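As written, the chain order gives the labels A, B and C, with residue 1 at the start of each chain.
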Amino acid sequence: MLSLAYLIAITAEAMTGALAAGRRNMDLFGVSLVAFITALGGGTVRDILLGNFPVNWTQHPQYIYLTIGAGLCTIFIAKIVHKLQQLFLVLDAIGLITFTLIGCNVGLTLGYEPAVVVIAGIITGIFGGILRDVLCNRPPEILHRELYASVALVVALMYLQMRKLGINEDTTLLASFSVGLLLRMSALKWQWQLPIFTYTPERWQDDNNV
Amino acid sequence: MLSLAYLIAITAEAMTGALAAGRRNMDLFGVSLVAFITALGGGTVRDILLGNFPVNWTQHPQYIYLTIGAGLCTIFIAKIVHKLQQLFLVLDAIGLITFTLIGCNVGLTLGYEPAVVVIAGIITGIFGGILRDVLCNRPPEILHRELYASVALVVALMYLQMRKLGINEDTTLLASFSVGLLLRMSALKWQWQLPIFTYTPERWQDDNNV
Amino acid sequence: MLSLAYLIAITAEAMTGALAAGRRNMDLFGVSLVAFITALGGGTVRDILLGNFPVNWTQHPQYIYLTIGAGLCTIFIAKIVHKLQQLFLVLDAIGLITFTLIGCNVGLTLGYEPAVVVIAGIITGIFGGILRDVLCNRPPEILHRELYASVALVVALMYLQMRKLGINEDTTLLASFSVGLLLRMSALKWQWQLPIFTYTPERWQDDNNV
């Protein structure tokens, strides 16, 4: 199940990358690159941070073809994307949660501390989107929207706690997946947000980052 | 002494990260993430560049809690931060210099060439701030202000030279720390800057990065 | 021949980095840093992604001096740079192609899959420029200009195919180098571009990256 969810996840994330590239009027190569990095960037950053070489996608070239293909296909369906928005949001949520669970699993397998495992999960979940936004020169959107990264946090904590309690892996995955999806969908429906921190210093302070 | 300075350093840097996130109206998660990356990003980039796995903070989860905690606390004291600006600038300078000294030490221990050791020091000192600015979608501020990165360079060169001369490590640390702090504080007081390079090409050149 | 081309390449790329820093009014340190990262960043990202430690430039401190020196020299010749624009474009093309060929060679030597070898080549070729643009807070230019990254793709595919056919390495290098240079120069002369993907969603869609 997680494998299938992973394929859906990288496809959906590649498509959000392609759309972001389209907003910046990138060419076909730019679209492919941003799609690839959005889909596989989170796992790449995780593998590098955890010293987990070789990096995952280098052993699975089919992921390269899938994400670049999904990015390029997005160009042709861009006009109908807004009609599919609800579907898209579900796929994106599946992606977020799947990535997070895989990231936690990798961290745990490598024997890292619980706090590092949680961070490995969150980074896998959200960093593709952050790299996408950096490449497209916009502030990372996921850091000030409806609960998104927080969903990754909840999923990671729940997965870790259930594993610690010795609960069967399949049950753990299913439970944390469901809770995560429910939480993200509810956040979208009722626009749940974390509190926003707004800081507008006087001009003279601007000079020294304070 | 360096351990205490390090804790002060990551706390102060986490707080500058939180303030930068606040200027972008990020939510609590965004504030935590930017604080964490600002504080620990420089050392992370250094460890990855030098192939020094496992990355330092993954072995010290307490640094994760400290930097995220400092980031979140900043929200509550944001209103009085401007009254503490002088203190903040001292803490930030301590951070810059401590990070640089630790970075040089890591590079030296791993047996890298002197030029690489200096770069390891500088990267540890300044890259957290650069990642903060990239995440917050603004040009890296430290590259066009009063002497900042240059302080890291002076500290790194001095540390390396004194170690090469066989001077006792404690003396070396104390001396380069003091010179760095004095230099940074003087730069702030008298607004010492490196020359600025301003390049404004004709429009037609803009097309090809020249 | 490839060694000489590499020295030309990192020099030319360092200069484009310095000019980009100049457009952002950076100080001498910022100019040095952006020059260094533009010239050596592509190879660094490749080495990290492929787990190829120690990272190449850490074993060749002369590259550090060369790129920083080239960056600083650029300040003095900035005023005549526009007269040298044609030369510059040739040097930049040599850089792109040389980097790509070296990247493919590294990937191949490490035994990676063909698709990963091609990506290693492209990343070596273009990522210095992408990091330059991210540091200077502008959208990556190479992703929406005359054929640039696509040249890296063609060169990488050709190199890989010729090696696979058992053709002598020197011949392979010379042939893919020439084809790449011809392609890039033609693209500049006749403004060949890949199709651009422009996506301008309705405002309400903006909220969820779709």
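FYI, contacts are C-beta pairs under 8 Å (C-beta built on N, C-alpha and C of every residue); 3 or more make two chains touch, one makes a residue touch a chain.
What you see is a predicted model, and the numbers here were worked out from it, not measured in a lab.
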*asked:* Do chain B and chain C, two copies of one chain sequence, contact each other through the same residue numbers, with over half in common, or through different ones?
replied: different
*If chain A and chain B share one sequence, what is the angle of the rotation that overlays their CA atoms, in steps of 5 degrees?*
120
*Between chain B and chain C, what's the gap in Å when you average each chain's C-alpha atoms?*
28
*Could you say which residues in chain B touch two or more other chains, in rising order?*
48, 134, 137, 145
*chain C touches which residues of chain A in the complex?*
16, 18-31, 33-34, 44, 48, 53-55, 58-59, 61, 64-65, 75, 78, 81-82, 85, 88-89, 92, 129, 134-137, 141, 145, 188
*chain C partner contacts - residues on chain B that touch it in the complex*: 48-51, 112-116, 119, 130, 134, 137-140, 143-145, 149-150, 153, 193-202, 205, 207-210
